[in-house]
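Common to both upcoming complexes is subunit A, partnered first by subunit B, then by subunit C.
And now, the complex of A and B:
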């Protein structure tokens, strides 16, 4: 194997590790350095060659000062939900709402010890090494939080930055919550964020992510652990992302846990969005459903990689994975790769992938009723993508995503 | 109201309409009868504006305006409506959303204000009740899981809401049992009158028992070959189309 040519971005990243970095941060950084930026020869990164794409990185984002908070505050529109705000990846209590009146909810600044130690990915290593100042959102055991909590990720710096957010959402046994994450850091920087979600036994979380990141290169890692009978419903709306990798590392760790993962990507221009799943059924009798949809116009490129691992002891596993693409132009492309690694014998696992164009007959039918062609297209695109929102239990979260989608289709049709 | 002159149309390279002439007067109900393959459905699609049909020659005028260069939506806004032989299913699009989009798009094109939601709901409910369309059907996605009869009733509902100047009913009786046919025909007959014309396309005379035409045209091999009064339909029922199809029964 020939040695890879040096990548200047890796050298830039090396300067980000502070002199007073902890031994654990150094360890993670060494792991990253050893592996380097993943390239197409790394199988799980085959369709998103980060090493080729990321040739330089902007300066490291610093903890926000008053000026940075002022910049972020301007972008913080009045919202209906209680908010936890991060600025350049750092928890900003000054901009966040007061949760003291919400029983069972506590938000604290995160420390290294809050996060699970092992990682299986170079960008997650990099995040572990460089991230500082995230938050832990704790929902106490048994708490039923009715109000929607919104996590808002904003920028404070007014130029491109490298950002490393690292946050944890933890639900105690039997807790229920509804969380929407709005990622809108802006600028053409580099992002390598990680969100950890840990659900205790019987906990239930509805989680929606609205991803509007314009970063030239954006990597988002979700690390999810579900205890017995916990239930996570997660939907992400990804839109107009120049180069996004959203990777999910999920462990169904307790018997009878249920996972529903879904997403819709609305892409145009030369946008690239890669959703990569690694779902492990680490306990028996767990259920997982994965449904991801891509609307691809212009020269957009969608990637879906779905790995489901069922070890020998995970009997009675029930898994179904689906990926669908709607191609609006001849130059758009979708690569879909399901991988099922099943070592148990009493399981029901299935997967499917399909790519279609807008149906000319359906369009004609709508047009004969007076709906102009471009509106008819929007109606069909909306129906195709909005379908995945239905798996959320919370009407409020579904409404947020529906509104975002119509806004997206109204403003700019991805064609 | 509708004037078609010397219309020549190819579909996938094959000549389907071959110099068709047809005039439908204001307020008239005209029937077109003809054997399979005579070009009846092609005619309805061409008038509605299907893009993949190649018009080689001729003109189609609605109220004096040539509509051939117009998009299907522009034609609809001018009052054209097609009852599909096989209405399309559109998964994921709620029927009410669809009806509202259609109604408001047409109002917008005519420079009218959007209908307030409450007034819209009222109109839909009233029209639906007359056609035995349940609230449950209105809650489902457009035509998804509907029976043949339900789909046709939904077509007539749309027609009642959109109040077209000129409606083409393409084989409205196909897939309908006699009760559903009666319900649909009643819905259509309620819309007959001054300022609205209908073109009823069918193989069989049966439909015309329920929607009695003012004139009957016989179509064969891409053109109108004979026109007459309602008794022409009865004569066809007795003799069949053999007289009009070259080579048939020879």
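And now, the complex of A and C:
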């Protein structure tokens, strides 16, 4: 491969590494420098050329001061859930709710040692090198947390910033929890965040993510590990994303673990959303279901890259992946790459992908019953997208996502 | 000119070597020296008495090739190829060929027997040197070829070696050569453009339905066309042709590297059906030797309502890197790809297709069946693309993989890119093993495990087998059973 042209953003990023950075942070940063910002020649970034998109990065976000907290507080509307708040990627206990009354839940500031060293991706390396001051949300073994916990990511700075949030959700053996993450950091700046989810044996987590406002260039990495018989149900609703890459690195590490990953992207304007999955069945007899749906209007660009990896020892694997796209305009585009990489023989794996437009017959059916064309479209889009929310166990989480979806469809039709 | 002197020297040493093995025939002196440089390219072009434009075309390709890097993205793993250590014209026969059938690997002979191939043909296929019988056979088939040629001539069909076509139909060759797979296309195609040895040229005039299936099997000089085959098929408006490539018998071959290029052009209302059965030497049970098959095949549906259909049965070669594609340029054009890829032993297959929808109301269909056994790796890699202006593009893809044994791998890498809201793409893929229930059912009725597996596999690939011309389908079915031998139990 020919040498890449220098990218000024990389030089900016190099200045972010503090003089007193730890050896491991330096190591991660060196790894990032070596790989550079991924471009379209990097297979896993083929459809999201970050190198071309990110030519400059705004200054590094600092730990929030009183002024920043005041800015964030304005956006923090009263909510029904107990909240953990981050401002510019830093855990803000002053804005967060008091969890002392909830048995089995503990929130502490994260240290470097809390995260497993992960080097699967250049942007994850960059996050590991530069992230400071995230939190660890610990749910004790056996705890059944009935109340919904909300993680809110807000912006504090008045101007563009580069943010590197890095948080961990850890469920002990047999713990149950319901978590919704709300990402609302504003449309400006650069974001490279990482969320680690580690489920102990028999743990169960319902996790919903709503991307309400994402930075002009944002990368979200999820690093998930499931121990034996653990069960994760995860749904993401992506909307209004100028340039979003959401990547999942999942390891089904314990026998009999179950994973349900889903997402819906409602995109318009020139939005770009890329969901990339790397699901490794590292233990036998694990089940995974991945379902992602895209509604693309205007000049929106949707990307789905899914990969199920089954190593030789992971017999009895059951994996199914599905990607569906609804194109509402002639300028919208969807690129899908659902991959299977299978080295074990006693498996049942499959994937499907389908792209089409709204069904004329269904529209006609509704219109003959007096539903105006616009409404009929909304009904069909809503039904198409909301379908993925059903895999969540928690009614409360489903309601949050449904409300968001109808708000999205009501306020602005993506077409 | 030091390089020229060097070339002359090399040729001399080679001739001496060849003599040592008792080869002083005219053909033997006709080989280019080892290695690749501009002189080699000129040498090949001069030998074939090519016009200047073609020599320049080759040289241009060679210069481009020098600046390119070998692609490494496919899921195949092989030692680095030393391109300077290969012969690029008339590969020498003196080094490795057996003298009589008795010297041929008995495994190979057993396979011929199972396929029911006559003794004389066995000798040709095994590359036996002193093949008195085979020579007769060659002459026999030459006469066969001549009879066919007459019939084809009546219909106006041109079917000849491409080197002959360059001389006899220069305007046709010049117009179409490299128009589907450009010189710059990819590393192996560019290499082929520089040094292509020979291959077939087919032209079907407007409105003609080719009276017979065309096959390279009838063309005996096939054996010497060697590593860098170039095939060019043009179906003019409203014509139809069905073309068969390869044969079902495993063919002994000294050439490790095969980098062929196949270009198909279908004009308005024309239809081309291209079937391949590839069963080159896959290497021994330890994975030593075997052919590297790096082929670029592409069809261009240039005219409205044209159709190109690829059918392939891939059972041979140590490494297969092959993506027969269709460019659906004409409105209402159609592309089809039917594939069976079987890998056993240490074989590695990375194969698939590309369907590029550019015209309006184009449709395509992909059926791919991958079977991996032994310690092989079998990858389907395919792309379906709808251009912004490709109104009503329609695709259906089905790729199924079957795993036999716990040491092999089956992988699927589809790329689906829709840039148009009227595009309708469906893709489905499954991977599984042969179900115990099915095996049990067959064995309960008295079949051995191996027979039962073959039966089930044949059922698994039936959709594709049905696309093959009848004679081929029967042989291919036997071939599948043979390819999977030793993978059960």
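Keep in mind that, in the parts below, the second predicted complex is superposed on the first by the 413 of 415 C-alpha atoms of A that agree within 3 Å, B and C clash if a C-alpha of one lies under 4 Å from a C-alpha of the other, contacts with A are read in each partner's own complex, and residues count from 1 in each chain.
Operating definition for what follows: contacts are C-beta pairs under 8 Å (C-beta built on N, C-alpha and C of every residue); 3 or more make two chains touch, one makes a residue touch a chain.
In this text the structure is predicted, and so the values were computed from the model without any measurement.
Of the two partner chains placed by superposition, only subunit C is touched by A:351; subunit B is not.
Of the two partner chains placed by the overlay, only subunit B lies in contact with A:364; subunit C stays clear of it. Of the two partner chains, subunit B is the only one touched by A:373; subunit C is not.
When the two structures are aligned on the shared chain, A:325 is found in touch with subunit C, with no touch to subunit B. By the touch criterion defined above, A:384 reaches subunit B but does not reach subunit C.
By the touch criterion stated above, A:147 is placed in contact with neither subunit B nor subunit C. Put subunit B and subunit C next to each other and count what each touches on subunit A; the higher total goes to C. In the superposition on the C-alpha atoms of chain A, no part of subunit A is touched by subunit B in one complex and by subunit C in the other. Listed in rising order, the residues of subunit A touching subunit C in the complex are 1, 43, 312, 315, 325, 327-357. If you check the complex, the residues on subunit A that touch subunit B are 359-362, 364-373, 375-376, 379-380, 382-384, 386-387. Put simply, subunit C touches subunit A in their complex at residues 69, 73, 388, 401, 403-433.
Of all residues in subunit B, only 48-52, 71-73, 75-77, 80-82, 84, 87-88, 90-93, 97-98, 101-103, 105-106, 109, 141, 158, 162 touch subunit A in the complex they form.
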